[in-house]
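Below are two complexes that have chain A in common, paired first with chain B and then with chain C.
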Partner chain A sequence: MMKGGWFRVYTLGYLIFLYAPIVLLPIFAFNDAAVIAFPLAGFTTKWFTQLFDEPALRGALANSLIIAVSASVLSTTLGIFASRATTRYKFPFKGGIMGMIMLPLVLPEIILAVALLVVLLGIGVPLSLFTVILGHVLVCTPFSIAILSAAFQALDGSLEEAAYDLGETPISTFRLIILPLVMPGIISSLLITFTISLDEFIMAFFLAGTEATLPVYIFSQFRFPQAVPVIMALGTLLVLSSILLLSIAEYFRRRGIAKTGGKDTGGFL
Partner chain B sequence: MTKSAGASRFRGSEAANGLAMISPTATFALLLLAAPLATIFIYSFMTDGYLEIIRDFTFANYVEAWTKELYRVIMLRSLGVSLAVTAATVLLAFPVAYFVSFHVDASRKSLWLFLITIPFWTSYLIRVFLWKVILGYNGVVNSGLLGIGLIDEPLTFILYNVNSVVITLAHAYAPFAILPIFVALEKIDRSFLEAGRDLGESPFMTFLRVTLPLAMPGVISAVLIVFIPTVGDYVTPQLVGGPEGQMVANLIQLQYLKLDNYPMGSALAVTAMGIVTAFSLLFLFLNRRYLKGAK
Partner chain C sequence: MTFSAEKSNMIEFKDVHKYYGDYHALRGITATIKAGEFFSLLGPSGCGKTTLLRTIAGFEGISSGAVMIDGKNMEGVPANKRPTNMVFQSYAIFPHLTVAENVGFGLRKDPRSAAEKAKAVTEALEMVGLKGFGNRAAHALSGGQRQRVALARALILKPKVLLLDEPLSALDKKMREQMQVELIKLQRQVGITFILVTHDQEEALVMSDRIAVMFEGEIAQLADPETLYRRPNSRKVADFIGTMNFLPAKILSEADGKVEIDAQGFGPITLNAEQVSGAASSTGASVGFRPETLTILFDGQTAPDRESMAVVEEVVYYGDMTYYDIKLDGSDQPIRLSMRNVFGRPVLDIGTRTRVAWAPGALVVFR
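So, the complex of A and B:
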């Protein structure tokens, strides 16, 4: 008997439930039928070729990439400040301030989206890719802090003191000692926030105005049954690329923990 | 003299450094989170005019939100769906977290957690859409059941209603429930369990009297982290809910983007958040004894 017995069987069953939709994706992406249903009709790659000559899709992909790169860099930068502050210093209202910053993690996104929409329109900011970036930074920053806090937490404080004793300034200490040690965490945060932004729908739906991002484009295509097989092909490529990005992120997260000598508690959250 | 000395002492102090360090992130959250939330709260007490918002204080939106039949039905449905999803997700997730924490070698735990979280990070919209394919008239479930002869005609009660919304959301929020429970289980000192066994408790009683109470902080965070966002989910009811599966987020979207009635939309959003907060606080209060010891 394997270790865990029935728990192992149950967990494997649960994993099948978790992966069921993702497993179906490539099946229908290569299925030679315009209707997404069983029985399957035969093998084709035509949905992938159709994917590449779809100008609206190319525009949406470009928009999504611009937004995801900007949002990941900005939210990771904000995440570095917050994680450094919360792991290194004691300061008044720490709990309250951190609670406010982490709030988007639990608040329904639609509430955040309408609140931002009302304020941006109220002060006369036109909806554009820029407003989507603002919304995505808001959503991504708590995830960045969750990852980076673990990286900063694992830092040995005596390394910093040693640098001061050897005559380094706070800024050079940060650049020469702290930054290299938390760098794997930073890379992991950049990749995760990039993945979140690329997949985020509600904020983009409310704040993008006339510009479509990739999820907004996908959502609009669901209204046309004949467009769905192409979306399945697109989904297959998206799933593959996010698994790749996440595996790289996981590699850096683990390397970061090993580098600082910490214990791996697993997971991003 | 003393004042400037105090000020300079503050400037170099730990508190000042910490506040300075957090200020960029805190300012961003203040401007783009706290201020907007305060704004919709204020909007909810105003009235929608033809082209502009009428800035008179009124409770009219709340009266409508609480008394209009349609709104009440959808609000209660959202709450019911959310409670069902939370119960299903947390109960189904607990054994998974327990397995990974207690029965997997320490070196392979990360791999298991990684496997569990991967589906969560991949295209949310397409995942929800695929549940339509799984649960639909010609879907996976119906073809399968027809194929093995369990049913004679496709089941129709599993798509475009509350059931499909609950199933899809329970799938989407699974990792949110597993991870906090796992973290709480990991913190349990394994010698407590041995002590329980040494004192003559059965494995089941040890679980009930030692493991479960110590895991409760994780269960409580899992409940809150699933319950609060699911109330406001827009995509799932929109795609798999059908007309009888619509939830409060669809109502809010309708008010904001289709009817352009910001005050009414704000009142509905504030009402939904108020109900969720009240339920969460009640839940925390009922479980206060588990949280007292936890730091």
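So, the complex of A and C:
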């Protein structure tokens, strides 16, 4: 075997482990049998038709979309403020404050979810889509800050000074110079937090009350064997839309870097 | 250089102090910059020259004192309301805009019609030698082109003062020298007061009408380039501007505008009182002189003034010039001497004994 041969085998094995289950999704989504097993029984699109006829699922999808849009907009807005503050200003306990904001990134989500549940019930907030949105903002904001502070960091501070120097106010400078230059980061943050919120399970499970989100609905459907192919069809659609969203996010991130003439120093993809 | 009988004061610093926490960045700056002058703030990094420039632009507040622009105290006037414009060290070209949009950026609130503004942008681009570049994307420009865009963007607003923060430091040597000449021409053409911050003494000498040399938050000397070069007021300034040789000296007597000194290698000499500068120091006096004020005498040449013997210790050949490190008889310290190379004249070897011509008038004594 040639040099690096074992490394190739390892890489191949790794990729198969990672992607084979995802590849199975569309295969069984179009398979004409209620049992998930080989050999395949034939081609059908009936699982997709069933999928769109299911009112509970449509409700869950609508819930998830409402939550994901709200959470991504809120967490990105908070992310803009925090990133601007942390890259531009010095203030006391900056490191500690930023660390606290970024903490949900590493805390077990179930701990956060249980803690939030206890607090919300304790102060008498009824569980609803709103409480899920709160939980998702908590989880999404650190991601938003990670993306946006890179975008703000890449901004040359003298661009702002140049705009003041040429007669602009701080507000018009933000609108004319800073916002357009960090816009790719904002779009990227919106898309990524949207994706995170859309498939988040634990927070939604604990905080949604009677309103199921899409992942919670999927989980509950696994109790019924006959529903599994429908879930496969749904999974296929979700994988496709996730790939699409992340690609768009990455496209904007790279374009932003090219536009400001910076160097690519990594990112999510 | 242009002289007119009464030029008004464009910038006045009145005992300006600036603290960053405990750090005393500007220590009582008092100076006046005239209208239409090409003025340089020269000094090593950390001397406060950029801070001082930024107090004019309004990017830095001051702790005490006053900064006046054209007779008006600028206290409380924000950067966007000051009659100054700045060319930044990084040029700060807006990367998401075209060249023309960059240059026209400051005209946003200008009441003129769009066509008139476009005309002004075209003229500004023409002035800096970027005719036809208007539609280019700003991020695709070279360093020299960015600098020109930054100049056009600032000058289109016809400011009273143009501030330049190390504008040439990012360019290569050839480009830098070319831009120096262009900046001088541009300044004469527009007649605006230019204030340049630089750490490059040569650049300051070439471009400025007057220079303020700064060390540690203070102006050490403020003078025209020739005075600064020929009569530096301290060893520190002398060291910073060009090359200067120093030899130990004793001041023997001072009377009637004359000073008698005994300098190592030169012996006892009488100088004019204005050749002596600096406050008394504990390290003892020294005599300073530039490398080009000493000349090696070849066979048959006679010194116009004084003459001493010396030994060549080191030879550095530069093509057009040769630098010799020599020791004067009676001195134990090598000094540098520069000679323009002339066709047919030999370059001396190390160890050669030679006659050297010098003139008392070219000496400066530092107490």
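Details
Assume the second predicted complex is superposed on the first by the 256 of 269 C-alpha atoms of A that agree within 3 Å, B and C clash if a C-alpha of one lies under 4 Å from a C-alpha of the other, contacts with A are read in each partner's own complex, and residues count from 1 in each chain.
Keep this in mind: a contact is a pair of C-beta atoms (placed from the backbone, for glycine too) under 8 Å apart; a residue touches a chain by one contact, two chains touch by 3 or more.
Every value quoted in this text rests on a predicted model; they were computed, and no experiment measured them.
By the document's definition of touching, of the two partners only chain C reaches A:181; chain B does not. Of the two partner chains placed around the shared chain by superposition, neither chain B nor chain C is touched by A:248. In the overlay built on the shared chain, the residue A:40 is in contact with neither chain B nor chain C. Looking at the shared chain after the overlay, A:169 reaches chain C, while chain B stays out of its contact range.
In the overlay built on the shared chain, the residue A:56 is in contact with neither chain B nor chain C. Applying the stated contact rule after C-alpha superposition, one finds that A:195 touches chain B and leaves chain C untouched. Comparing chain B with chain C, the partner in contact with more residues of chain A is B.
Residues 57-59, 78-81, 84-86, 88-90, 92, 94-96, 105-106, 108-109, 139, 153-154, 157 of chain C are the ones that touch chain A when the two sit in their complex. Touching chain C in their complex are the following residues of chain A: 156, 158-159, 161-169, 177, 180-181, 259-261. Chain B contributes residues 14-19, 21-26, 28-30, 32-37, 39-40, 43, 92, 95-96, 98-100, 102-104, 109-110, 113-119, 121-127, 129-131, 133-134, 136, 138-140, 143, 171, 174-176, 179-180, 182-183, 186, 224-225, 228-229, 231-235, 239, 249, 252-253, 256-257, 262, 265-266, 269, 272-273 to its touches with chain A in the complex.
Against chain B, in their complex, chain A makes its touches with residues 3-4, 7-8, 10-11, 14-15, 17-22, 24-25, 28, 35-39, 77-79, 81-82, 84-86, 88-92, 94, 97, 100-101, 103-112, 114-119, 122, 134, 137-138, 141, 145, 192, 195-196, 199, 201-202, 206, 215, 218-219, 222, 228, 231-232, 235, 238-239, 242-243, 246, 250, 254, 264-269.
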